[in-house]
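This report concerns only the one structure given below.
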Amino acid sequence: MMIRIDNRQADELRPVEVETDYLIHPEGSVLITVGQTKVICTATIESRVPSFLRGQGKGWVTAEYSMLPRATGSRNQREATRGKLGGRTMEIQRLIGRSLRAVVDLEKIGERTLWIDCDVIQADGGTRTASITGAFIAMTIALGKLDVPVFPVTDYLAATSVGINSSKQAILDLNYEEDSTAAVDMNLVMTGSGEFVEMQGTGEEATFSRKELNEMLDLGEAGIQQLIKIQQQAIGELSSRIGEKVESAL
Amino acid sequence: MMIRIDNRQADELRPVEVETDYLIHPEGSVLITVGQTKVICTATIESRVPSFLRGQGKGWVTAEYSMLPRATGSRNQREATRGKLGGRTMEIQRLIGRSLRAVVDLEKIGERTLWIDCDVIQADGGTRTASITGAFIAMTIALGKLDVPVFPVTDYLAATSVGINSSKQAILDLNYEEDSTAAVDMNLVMTGSGEFVEMQGTGEEATFSRKELNEMLDLGEAGIQQLIKIQQQAIGELSSRIGEKVESAL
Amino acid sequence: MMIRIDNRQADELRPVEVETDYLIHPEGSVLITVGQTKVICTATIESRVPSFLRGQGKGWVTAEYSMLPRATGSRNQREATRGKLGGRTMEIQRLIGRSLRAVVDLEKIGERTLWIDCDVIQADGGTRTASITGAFIAMTIALGKLDVPVFPVTDYLAATSVGINSSKQAILDLNYEEDSTAAVDMNLVMTGSGEFVEMQGTGEEATFSRKELNEMLDLGEAGIQQLIKIQQQAIGELSSRIGEKVESAL
Amino acid sequence: MMIRIDNRQADELRPVEVETDYLIHPEGSVLITVGQTKVICTATIESRVPSFLRGQGKGWVTAEYSMLPRATGSRNQREATRGKLGGRTMEIQRLIGRSLRAVVDLEKIGERTLWIDCDVIQADGGTRTASITGAFIAMTIALGKLDVPVFPVTDYLAATSVGINSSKQAILDLNYEEDSTAAVDMNLVMTGSGEFVEMQGTGEEATFSRKELNEMLDLGEAGIQQLIKIQQQAIGELSSRIGEKVESAL
Amino acid sequence: MMIRIDNRQADELRPVEVETDYLIHPEGSVLITVGQTKVICTATIESRVPSFLRGQGKGWVTAEYSMLPRATGSRNQREATRGKLGGRTMEIQRLIGRSLRAVVDLEKIGERTLWIDCDVIQADGGTRTASITGAFIAMTIALGKLDVPVFPVTDYLAATSVGINSSKQAILDLNYEEDSTAAVDMNLVMTGSGEFVEMQGTGEEATFSRKELNEMLDLGEAGIQQLIKIQQQAIGELSSRIGEKVESAL
Amino acid sequence: MMIRIDNRQADELRPVEVETDYLIHPEGSVLITVGQTKVICTATIESRVPSFLRGQGKGWVTAEYSMLPRATGSRNQREATRGKLGGRTMEIQRLIGRSLRAVVDLEKIGERTLWIDCDVIQADGGTRTASITGAFIAMTIALGKLDVPVFPVTDYLAATSVGINSSKQAILDLNYEEDSTAAVDMNLVMTGSGEFVEMQGTGEEATFSRKELNEMLDLGEAGIQQLIKIQQQAIGELSSRIGEKVESAL
C-alpha cells in the first residue's frame, strides 16, 4: 500500500489553518496555511469599476497573485524588478478572479470593484488553490461590511489539487515534492453545492486516461467539501447570509 | 431538437482544411482552417536549447501565439505596440507548448529547440485548439527533415473545444457566437491513443455538474479522433513514423 | 548584357497579384503578392480621432506594420515578446501612414481614424512598398463603404523599390537577394499623376551619383504606373470615384 | 507637556518584536514588528557575484524592498503590474544595501552575493528603518551558516527615524500619523559602536535648524542602542562572533 | 598640512560661473559651472497641475535630471535606450524637486506646474548639488515672468557637498576624484536664512562620528552662503522679491 | 522676389559655427551651431564590437540622438521617462549611423565600436542634418587619436535640408518656421566628392514633381560643399589624412 511522503492517505488533505483579520488595514484579510504553504489573502473594496463596466450598475471582482522571492527553496527574481509579470502569474490571477466571480452576484455589489490580493509568503505546492480558498473568506468578510440589501455571495467556493503520482495512484492535495514528480496535476474549483467552476488538468509531459480522471475527481470533490466546512467556521455568522435570496433580505 | 446557429449537430465539427507547406521559409508550415477560423502554424528548428537545458543532450519545444489586429470583429491593439503580452496570449502559448511536448521525445531531438508559431489570421472561436491541431502537423513536417535515428513524435495530438450552451446542451467545436453565449467552455487536448493531455474547463460566471462534464468529454473524444484522421492525411508518409520505436529504426 | 537572378529585365516588375476581401472582418482587406513577398493589408474605420485632432472636424490615417516570425529565412523574435518595436518597424509604419495621408482629404472623412495594418506573411524584398501598394487598395475599399458626400481619396498611390546593383546597373523592384547585394536601395512612393510623395535613397555603406539617381527614378516612375493599373482593376467601380470633386458629388 | 498620539514619551521607541526563522526556505529570515509595522526580512546566499565584481575574490550585499498592496490604508498598485519600480522603492532598497555593506567585510564572504529581501506586510511608519534593523538579523543568521574562517560581520547595525513634530518638538520613532504631520523627518542608521552609517534628513516643505538637528541626533543615538540590544538577543550565540578578528578565528 | 588634488583649501569652493538665459526657448534657463561640472538647468511653466492637486488652487514643482552619455569619463548607456530610469537618477530628481518646493509658496503660483530640467553636460563631482543651485536660479527667473501678486519664492536655496577624505579631514565641495576616494560623502541643501532643507550623509562602506559630522556641517554652511551670494548676482533685480510679503506687494 | 523669414536668399545657409573639444571627457567632441540650432556631438571609442561582428576583424559605427526637453518651444517629455524611444528618434539615429558608415572603412578601425552621441541643446530646424555634419567632425577627431596604419575616414560627409516652401520655391537649410509650413522637406547627405549617401524627401501631405526635385538637389549640393569647407577648417591637420591610401601610410 502506498505511503505518501508525509504519511498522508491518498484522500487526505494537509492540515489547514485560517487566521482571519490578519492585517489591520484591508476590509477583509486572511492568513491561510495549508501544510507548509502560507498565503496572505486580502480583499479591498473600491468604489468604482473598470471602464468596460462603467454605467451598467454592476461591479467587478479581480485578483492579483504574487510570491515573495524566498517563498520557495531557491530565490526567484521579483516580477517588479524584471518589469513584467510572468505567464504563470497571469494564469493564476486570471483563474482566481474568474473563480470568485462565479459565486458573486455582480449586480448586487453595485458599481464597486473587489480587489483580491494573494501573496504567497511560503510555498509548498498548491499555492493557487490555497489562494482561492483563502480569498473566498477574505472576500466574504469584506462584503459583510458593505451595506447592501442582499448579500452578493451566492455559494461557497474552494479549491484543491489532485494528481496521479509516479506509482499511478490518484492523490489529493499535492505538496511541492509530490507535485514535482506527479505525472498528472489537476486543479479543481468547486462550489458548496458540488458544482465545478474550474477544472484544469495537465499531463506533465505525460497523459492520463478517463478512468484516472474519474478517480481524481472523486478525491477532489470530497476534499473540497472539507475545505468548505473550514470556510464556514472562519466566516462565522456571515455563513447564514451565503446564498441569501431577496425574500430573506426583507 | 436543438438547431445550432450554423445548422450543425451537437456532435459535429466545423469543416477543417489543412494546407501544408503554406510558406516557403519555415521548416514546417501549415494554414489550418476550422470553419471561419484560420491559423498559420510554422515550426522552426534551432540548433541550441534554452540555458536551463544546456548540456543535457535533450531538446525543447516552445510556442508563441498571436492574432492579427483585425483577425476579430473589432480591431485589437497589437501587443507589440502595447509593449507586453496579455495574460490570454501567455496562457495560450504555454498551453500549446506544453501540449506538444507531451508527444515529443525530447531526448530524441538532441540539443535543439523547436519554435512553434501560431498566428491567427482570422478568428471565429477555437483559435487555441486549431493552433494545437495545426502546430502538430507543422512540427511533424519539420521534424521529418531532421536526420535523427528514431522519429521523436510518439503519438498524434489534436485539440477541440466543447461546451454547454444556454439551452443546457453539450455541443462540440464552438464558434465565436456559441462561445460568447455558452455557460461552460472546455478545451480538450488528446492523443491518438485517446488519452488526455490537457483539459481546461471554465464555468463562465457559471458552474457545471459532473454529468455535464461527462457529456462534454464524450463529444470531445469523438471530435478529436476525427481531427487526427485529418492530420494523418496531411502528414502523408510521415504517418508511418509516428510512435516509431528504436527497433523499427534499425 | 545583365541577366537578373530571376531572369527579369532591369525594368521589369515581379508578378503582382491582389486578392481583395481576403478576410471577413475588416472594412477593407487585401492579400497582395509581389513575387514571393506576401502582405495582408487591412483597413479599419474607427469613429474617433487621436486627441491632437479632436474637435477639428477632420480625420486621420495611421498605419502599423509587422512581420510573422518566419516570414523570413531565419526566425525573427517577435516585437511583442521583446516588449518594444524596433527602429525599422517604426520607420516603415510611419512611412506607410504618411504616404497614404498624401492622397486622402482628411476633412472629407470627418472625425474618423483609418487604421491600416500591414502584416507580412512572407518576405522576399520590397515588403514596405508592397504594403503601401496593397494598403491603398484596402483603404479605398473601406472608404467606399463610408457614407460621405465626396469620396476622400484624391489620387492613386503606389510604391516600388529601385536600386543600383553590384554591376553598377539600375534595376527595378529588387527581391531579397538583389537587395542584400545592392550598392544603393531607393524606395519611391508616387501618385497616379506622376508626382513624388516619398523618396528614400540609401547608399548601403556606399554612395551614388546624380546620374545614377536619374536612372533609378526613370525605372521607378514606369514601374509605379504599372502598379497603379493593377490597383485600378482591383478596386473596380470605385476607380471612378478617385479624385472626385464636389461638383461630381451633386 | 507633549503627549504623543499613542501616549509615548518623545524618546520612547514603539514595542519591537523579532521572530527569527520565520520562514522555512531562506538561509536567514525574520519577522520584525515595530508597533504596527511588520516586515519579513530574508537573506539568501548565492554562490556568485555581479559581473562588476567577478574574479576579485570578494562578495556583495544587495537588497530589495517591497510592500504588499494592502500593507497600507488604501491599496497601492503593485510595481510588478505597473512594470517598473517607483523612485521611493529604489531609494529605500539602495539605502538598505548600502547600510548593510558598511558592517560586512566583503572580502571575508568570498565570491558570494547576499540577497536581502524586505517585504512589508503591514505599514505604520518606519518601514525602511525596521527593514534595516530586521535585515541585519536575517543576514547575520544566514552568514552564521557559512563555513568561513572569520565571521564577516564587523559590527551591529540598526536604524530608526526621528523628527520634529508640528509642535516643534523632537520625537523618536515616528508612526505613520506622526510622520504625515511632521515638519522634519530623518532616518538614522548607526553601528553598535555609535558611528553613523547613513543620515537622511528632509524638511517636508519645511526647514530645520542645527539646534533641532542636534536634538534629533540625541534621540536617535539612544533609540538605536536599544534596538541593538534587541538584535543581540535575537541572534543569540552569534553575538559572540560580531567583529571577530583573525586572531580569534585561529 | 593637507593639500587637495587641485590645491584648494579644505574650506574652499571650486570656481562657480552662472550664465543666465542660456537657451532661447525656456521661461528660465541657466548654464551653471562648478569647477569642471557643467549643468544646463531650465524651468518650464505649465498651466496645469498633476491630478492629485487638481482643484486645490495650488501649484507644483517637479524636477527631472539626466546626464549626457559622455558627461563622464567612460560612456554611460542612455536611460532612454535601457527603457527605464536608474535608482540614482530617481533619487536625484526627487531630491531636487523636494528641495525647491521648500522655498516656493505653492499656493502663490496658482494651478501651475514648474518643470525643472537639469541636464549634466559634463560631470566632475557634485552634479546634484550644482543642479539644485542652478535650478533655483532658473526657477526664480521663470517665476519672475509670471503675473502673480506676491512673488512665490520665499528664500534662497543652494546646495553643496562635504566629506571626510581618506586622511580623515573634512573638506568642502568634492570633485570626482575626491568623491571616489572619500570615506564619507554628504550633500547639504540650505536656505538663505541658514536652515537645513535636506541633509544626506553616507559612509561609503565606512562610518563617521558625530564630531566629524559637525566639522562637515561647519564647512557646508559657510560654502552655501557663498553660493547664495552668487545666486543673488545672477538673478539681479529679482533678488528684491525673494521672500516678498503680501504687504510689500501692495 | 522672395524674401525668407530671416532675410536669407533661397540658396543661403544659416551661419554655422563649430567648437571642437567642447567637452573634456570624450575622445572627440563638438558643439555645432547652425542658426539657432545647437547640437553637442561626441565620439567614443570602445574596444569591442556588437556580437554580430565579433571575430571578423572589423569595427562598427553607431549613433544615438536625443533632444533636451526644452530644446524646443514647448517642453517634450523625456524618452527615458516614457520608457521608450519614439519613432522619430529611432529614424534619426539610424540615419546618422548609416551615413557615417558610408565614409568609414570599418576594417581599418579594427574590432572597435565608435559611439556617436548627438544631443540637441537647442532646436530650430535641421537638427538631424546638423548632427551629421557635427558628428563627422567629432568622429574624425576621435579617430585621429587612434593608432592605426591607415586613417579610416575615406571622405568628408555633411548634410543639410532643402525644401519647397508654400510659394512653390526651392529653398536651402530650412529653419523651424520654414520647415513647419513647407510643402516638401528633403534631407540630403553627401560626400566631399559630391556623391549622395542618403536622400529622404517627403511631401508633407503634399507631393512634388521631378523638376522641383532637381531644383532642390541643385541647392543641396552647393550648400553641402560649403559645409565641408567648414569641416576642413575644424579638423585642421587631420584634413590631410581624409581618404588616406595604404601607400601614403607607408
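First chain written, first letter: the chains are A, B, C, D, E and F, and each begins at residue 1.
We take it that a residue touches a chain if its C-beta (ideal position, glycine included) is under 8 Å from a C-beta of that chain, and two chains touch if they have at least 3 such contacts.
The structure displayed is predicted, hence computed values, not measured ones.
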{"item": "Intersection of the contact lists for subunit B and subunit F", "value": "C"}
{"item": "Chain labels contacting subunit A and also subunit B", "value": "none"}
{"item": "Superposition rotation for subunit C onto subunit E, Cα-based, multiple of 5°", "value": "120"}
{"item": "Far-end chain from subunit D, centres as C-alpha averages", "value": "C"}
{"item": "Same or different residue numbers at the subunit E/subunit F copy interface, by half rule", "value": "same"}
{"item": "Gap in Å, rounded to a whole number, between the CA centres of subunit C and subunit A", "value": "52"}
{"item": "Inter-chain centre distance, subunit C versus subunit F - centres from mean C-alpha coordinates, in Å", "value": "28"}
{"item": "Whole-Å gap separating subunit B and subunit E, where each centre is the average of the chain's CA atoms", "value": "60"}
{"item": "Residues of subunit A engaged with two or more neighbouring chains", "value": "83-85"}
{"item": "Order of the ring members, counted from subunit B so that subunit C is second", "value": "B, C, F, E, D, A"}
{"item": "Parts of subunit B lying in touch with subunit C, wherever the complex brings them together", "value": "23-26, 29, 36, 40, 42, 44, 46, 64, 66, 68-73, 75, 78-81, 83-85, 89, 115, 117, 119, 121-122"}
{"item": "Contacting residues of subunit B [partner subunit A, same complex]", "value": "84-88, 90-91, 93-94, 98, 101-102, 106, 186, 191, 193-210, 213, 217, 221"}
